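Common to both upcoming complexes is chain A, partnered first by chain B, then by chain C.
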Partner chain A sequence: MQHAGTEIVSAVMPIIERWKHEEGPLLPILNGILREFGYVPREVLPAIADALNLSRAEVYGVVSFYHDYRENPPGRHVLKVCRAEACQAMGGDAVAERLQELLGITFGETAADGSVTLEEVFCLGLCACSPSAMLDGEVIGRLDEDKVQEIAREIRA
Partner chain B sequence: MCFVNEIDYGTPAAKSDKTVTLSIDGKDITVPEGTSIMRAARIAGIEVPKLCANDMVKAFGSCRLCLVEIEGRGGTPASCTTPVAEGIKVSTRTERVQAIRRGIMELYMSDHPEDCPACAAGDCEMVKMAETVGLKEIRYGRAGENHIWPAHDGVANPHFMEPDLSNPYFAYDASQCIVCSLCVRACEEQQGTFALTVEGRGFESRISAGMHEPFLESECVSCGACVQACPTGALREKSVIEKGMPEWSAVTTCAYCGVGCSFKAEMKGEEVVRMVPWKEGKANRGHSCVKGRFAYGYATHKDRILNPMIREKITDPWREVTWEEAYAHVAKEFRRIQYQYGRSAIGGITSSRCTNEETYLVQKLVRQGFGNNNVDTCARVCHSPTGYGLKTTFGTSAGTQDFDSVEHADIVMLIGANPTDAHPVFASRMKKRLRQGAKLIVIDPRRIDLVRTPHVEASYHLPLRPGTNAAVLNALGHVIISEGLFDEAFIRERCEWDEFQDWAEFVMQPENSPEAVEKFSGVPADLIRGAARLYATGGTAAIYYGLGVTEHSQGSTTVMAIANLAMATGNIGRPGVGVNPLRGQNNVQGSCDMGSFPHELPGYRHISEDATRAIYEAIWGVKLDDEPGLRITNMLDAAVEGSFKGIYIQGEDILQSDPNTKHVAAGLAAMECVVVHDLFLNETANYAHVFLPGSTFLEKDGTFTNAERRINRVRKVMEPKNGYADWEVTQRLAQTMGLDWNYQHPSEIMAEIAATTPSFAGVTYELLELEGSVQWPCNEKAPLGTPVMHMDGFVRGKGKFIRTAYIATDEKTGPRFPLLLTTGRILSQYNVGAQTRRTDNVVWHEEDLLEIHPFDAENRGIRDGDWVKLASRAGETTLRAKITDRVAPGVVYTTFHHPDTQANVVTTEFSDWATNCPEYKVTAVQVTPSNGPTEWQRDYDELSRKSRRIVHVEAAE
Partner chain C sequence: MMRKIYIPRDSGALALGAEKVARAIAREIGLRGVEAQIVRNGSRGLYWLEPMVEVETPTGRAAYGPVKPSDVPSLFDGNFLSGDAHPLFLGNPEEIPFLARQTRLTFARCGITDPVSLADYEAHGGLRGLRNALSMTRLQIVEQVTESGLRGRGGAGFPTGIKWKTVLDTSAAQKYIVCNADEGDSGTFADRMIMEGDPFVLIEGMAIAGIAVGATKGYIYLRSEYPHAEQVLNEAIAVARNAGIVGKNVLGSQYAFDMEVRMGAGAYVCGEETALLDSLEGKRGMVRAKPPLPAHEGLFGKPTVINNVISLASVPIIMDKGAAYYRDFGMGRSRGTIPIQIAGNVKHGGLFEAAFGLTLGEIVDEIGGGTATGRPVRAVQVGGPLGAYFPRALFDTPFDYEAFAAKDGLIGHAGIVVFDDTVDMLKQARFAMEFCAVESCGKCTPCRIGSTRGVEVLDRLAKGIEPSRQIEIVEDLCNTMKFGSLCALGGFTPYPVMSALTHFPEDFRPQPVREAAE
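Take a look at the complex of A and B:
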């Protein structure tokens, strides 16, 4: 465990080095780690704090504020479903229910087989095409039963 | 008995010369520009409701209770974040803002426990604020989502957090928290540790120590600022939870380090409920550290000895006796010894832990009663070179500035001091200034915390080899002269120009060049050059230094080298500059001021001065010896030789704190009457024949003088558990020896000090009552004291430059002892630990550890946590190793807080050439793996156990 932790820390060092001299380097570093690993392992926070001369608490405060900086590795796919007002008005609740049913997990969970992580999101800026979702960074609008089925198929593939 | 209440103005004072006049609720008020409306209102006597603001941290505007209306402006701005403006008309109590406040409070209370124990005790603002805003009902109920209940209807509440009781002194109960972030801001702005944060967001947001860690495991240093700031019961002292709220309080002064923080001792009857830093305290400005704030439990510890004790031989068990018997015994023994061995066969040691008045009495007892000058003090082993060096160069034996001065410094040069551990409250004030942009230069063998700690980073760290201070400072001087960075106008006006030229010629010698000094100090020449340029040209520059400067064979030389640099760059005599010793003990400055040294009468006047002696001879009615007496080390030497036989030691554990423990032990063992006057059976008491129980700072009136020459009042808040304050014991002893002493109160002793000492002439208890504190010199010329010295000229007239040639110490590394040991302190413990080891502070530091560089450890096959033997030419001890790169290769470091380690068994007898201050900071040592305690440690342990046997009076009868 200790060993794995150290490995992750050395793996993020180049990302820290890349940004640490820029102005306001904390968010770019966290984004870089997120891009590289898909999550922000708790073990790397002290290393970031040390590099930026911040306290552990400060880094943790920022990381815990943003839901995107998840603590554990996500599934192979990440599905974010919009739960904001416009989507709800266009039947988003039913879509959300259906997706949880099809994937067999609830929001905030990762499937046991590691296929997918299901997350809530509050507005993708795609209100004109409500209800909407985002699969692995690609937005999908006007969700209906067919599209929901297709998403589930793609995830299981 | 009253309760000292302090006004909370809600936001800090604004510093501006311009004033603004506005009207608040129809009252006109004029305040400095930049003042918040909230503060202006409070000054006008109007309390605006608030939860998330206090006057120790910047306004934040999160609770929204303090909303007001301003005529002609829209909305309802928060009064804490809105600055005053000329002519505005503010209303703090309109129907509109009252309704909003009620609505906000209703929301808060819907997630605050109905049966909040802190609210019930009056230690939570919530109920008070609910009443203030007129909250009648909570329409939302408390059944919905909340942080209050561990479980609801049998289902665990995901928002509930178990209280964190990990810190020994305070509890964190998140269910009472309103996430106002005052604690986070106090930790950042006041303490400067940044250990707290708000985690998560929205309804999930919670105060977190470190990365959602228990407080004890986080970066928290337990200074107590968060507890003090918390408006609810979320962060509370455990002592208040156990004992209930205090009933009365008195302002007093902390008895730990030389910062001299003012505290309110908050009491319930005779019991301390808590110590709360006093905002008006000019040394600490309302801040505190883990020792002063929490570690007072030793005062009531069961180990305290409360009855006098006597024994014939140190191998006998102790026998409890009456005070009268004890005094009579000491008087008889001291007189017998003097009759048998001569007048100078006895002496006394004053304490830097006791009050000025008590110290004055001990030296008076020696000079008047013993008829010699054999008096010394623990300052001998810490800052005696400061006294010598600054007296020689500037003309006074004290630091030049007050602590407030650091707020004006652009450059801080820190030499051989580790303030975040040893002077934590001053460190916080310094860090605050550094975060505002002041630059830091650290000269220290070890990478102390301040070299790099959140939001503070030294511009230069010069990691010199222990013992090369003077050389590195000379090299700084070399750069300043060779590059023409000196302040010629200042030097011509304020110093002896010829002496300056002589000094300039000296530092310009090739052996003082950075390149030459690099060879043996290990500090790269470019670092020395960079640091010198920054110090000389960066603006107002202040030097702060500690025992890493003085406890060397060249301690006095280095102090003078520091003074040279300050004079050469004109950094003396105004705010933000100066030469500032960080003194170790609460009253080490005072004990020096009070004539504790064998060659000086109070006020640093030499014993050979006829006029000075005449002052004392007139009122004491005796002829004083005009020859200096023996220093501690000389007393011990003389004891071993057989000419020194009796000693009265007040409040100092010389066996543990003085160098070369074996020699101290031999000296004490050779005496016939060792009288120890202390709280506990300390290590020295193992060699004592008479034990007189001492009293704590909570049990007596008096004054302490801190590192900035500030005379602070100590106020009695409980009766002495042993029956008598230390000054009373000394007085009774003096009376038994036939002296006509008749002090009814310490204020009368201060009156005698003032009457006989020019620099204290104006000091009275009435003045201290009025002003809170004063900094000496306090006399006709400066009736309210002197915050910054040497403003219009040096005390000695012209500043004196002195050649400070570097001479390597005789303590050298070689094949047998290849490493250099240096020693220091840790935050949670204090000196020999007699007090702090008897408090819960031990959770942070259970034992002394030897810090060793990974390279040196690997060479010796030492792993982290291994037992190692630490051996020097003087002796050996064992302790466990901590592998770290904070120390350079070739250097090891340890603390001296625990008697079973006895680091001073290892330290040698080398000492400062001018003052005999021991060279604690350099010892050549070898470190080898070990299985356990050395023979000395085992023998000593056995001796201690035997020596502490007490036969109680009841048992004896």
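Take a look at the complex of A and C:
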């Protein structure tokens, strides 16, 4: 979904209002925006800074610190692949290679047709069912060639 | 008779298809018009058998697994609702050796009850600890926790009771209980399992902590990679609030305690307690220098107890059965039980709660059953990405904080990742350095720059460029990181790196094969 700048700002106002009087409101606001839009549009940061009485630099500093706050709209699907040790131990590196090959992109990229954003993640807590991944919030364990193919099919569908 | 069918809603089970199985069972119930009720429980933690479906029969639970949606019609045909035999029949789950050998104190209910049913929780011993706590003075509660010998399960192993005492003794108008549910260590999932499988035990533990130290507000800082845990926790907190377990008067007492879940945003270092507090306050997750201790100046500058999920979830059983009961399990200065997470390339992966003292070999070879690939076990990493790699030669090390430290390792959050003989230890050492470089909060030069250098140096070593020189530099870097870092990210990354180098030197030697392959 694409939104014009001012439209986005007005769309985030309810999220800011919901949290601004709570303790430590910044992360809940950013998480709320991420949930709503799939990314944290940088044009909303001034509005957050104003509402919370912070400098824009402070807000930008926080946003840039956390891996989750992607700057650009993701693809229609988001595929996170675990690259940590328990998944490495079960052939996770090969699975990661295969997924990049099938989707034609590398980690951190979004497919040109906007179908998918591919991201690395370090542990999904599925270490006894490795290698693992998360597709649009749904967890997938024991990835093998069949499951990898199925993921690629679902993404292209 | 209305039969109950248990199908886990635990992430691990879901990752293996539990949702599709649940749908297939619901469809079959409808088609056949049988009287049965589906309960979505947590996982027992026997992941090689998930999705494991259980039915309640007059003679106890009967388990079937691993169930695929296509197995469902045959389960009904075989009359599994009465616990009849079937190729997937596992018998009474409690008699499966992996479970029968455990001592489940913290995980007593996990996988048995409906995680958001308070009736289930109370029927299985829940809330007894909190009720006992309400009949004691604050100091008596803290003393019970101290006497139990409970040490922080987040990694550092600091005595929980002593931390609580410091907060109790610090006077302030507002104090906080913060639960560290960042569980960033690879190879670990105990926090996730208890939050998804028995969230009330964490809520109860936090309420007891609040009453003990005089805190009225609790936060659970949960990593964003755990959306299912978030869902279950929020459901459970709402149930608990409705029932008056948290709120203005905890179980009708004069104590107020309420809590909420706050999500992280993907940053390993935010599991470090002071970075976590910064993150909760809405800042970058930067590690703070200590002192001041969080117990004196924690969240928003107020006295704060910050404990790991398992530390807090172990408090109810201590308050229920008494400090001595808990302390009697274990060895040396490691008292009680520890939920060991057996992961990676292992035949029987899952959660194994046991008294401290099992040897690494017993855990990996006997309980874990060796590798999933059937190849020899070559290395195991214990304690997450900052933990050491252990070779078979050290498999007699007992699971105990001090015993692991004596072998230049750590227990950490008790995750064990098993690797077979195809593992390349140079690659694992490089990964440890790379992980540190990516996740560093940036405050200390040795951590931020040293780890990046480490990656470069190990890359040169892999190419066979001046190998002995590179090894010298790696050792040097590790030393600088170990002593020049503010927190354990920079300070402990040398553990995986140096253990790989020390115990598996053959992987770091210039190999003609390695060079030829370039």
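We adopt the following convention: the second predicted complex is superposed on the first by the 154 of 157 C-alpha atoms of A that agree within 3 Å, B and C clash if a C-alpha of one lies under 4 Å from a C-alpha of the other, contacts with A are read in each partner's own complex, and residues count from 1 in each chain.
Heads up, the rule we're going with is that contacts are C-beta pairs under 8 Å (C-beta built on N, C-alpha and C of every residue); 3 or more make two chains touch, one makes a residue touch a chain.
Values in this document were obtained by computation on a predicted structure and should not be read as measured data.
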Inset, instruction - Have a look at where A:L45 lands relative to chain B and chain C in the superposition and call it first, second, both or neither. - result: first
Legend entry - chain A: partner with more touched residues, chain B or chain C: C
Legend entry - First (chain B), second (chain C), both or neither touched by A:S55: first
Inset, instruction - Applying the touch criterion given at the start, work out whether A:M13 contacts chain B, chain C, both or neither, answering first, second, both or neither. - result: neither
Inset, instruction - Have a look at where A:F65 lands relative to chain B and chain C in the superposition and call it first, second, both or neither. - result: both
Legend entry - chain B and chain C footprints on chain A, overlapping residues: 61, 65
Legend entry - Of chain A, residues touching chain B in the complex: 42, 45-46, 49, 53-61, 64-65
Inset, instruction - Can you check the complex and tell me which residues of chain C touch chain A? - result: 11-12, 14-16, 45, 47-48, 50, 183-189, 191-192, 224-228, 262-268, 279-285, 300, 341-346, 349-351, 372, 381, 385, 415, 417-420, 423, 428, 431, 435, 439
Inset, instruction - Name, in rising order, each residue of chain A that touches chain C in their complex. - result: 23-28, 30-31, 34, 52, 61-62, 65-69, 80, 84-90, 121-130, 132, 134, 137-142
Inset, instruction - Note which residues of chain B are touching chain A in the complex, please. - result: 193-201, 208-212, 218-219, 452-457
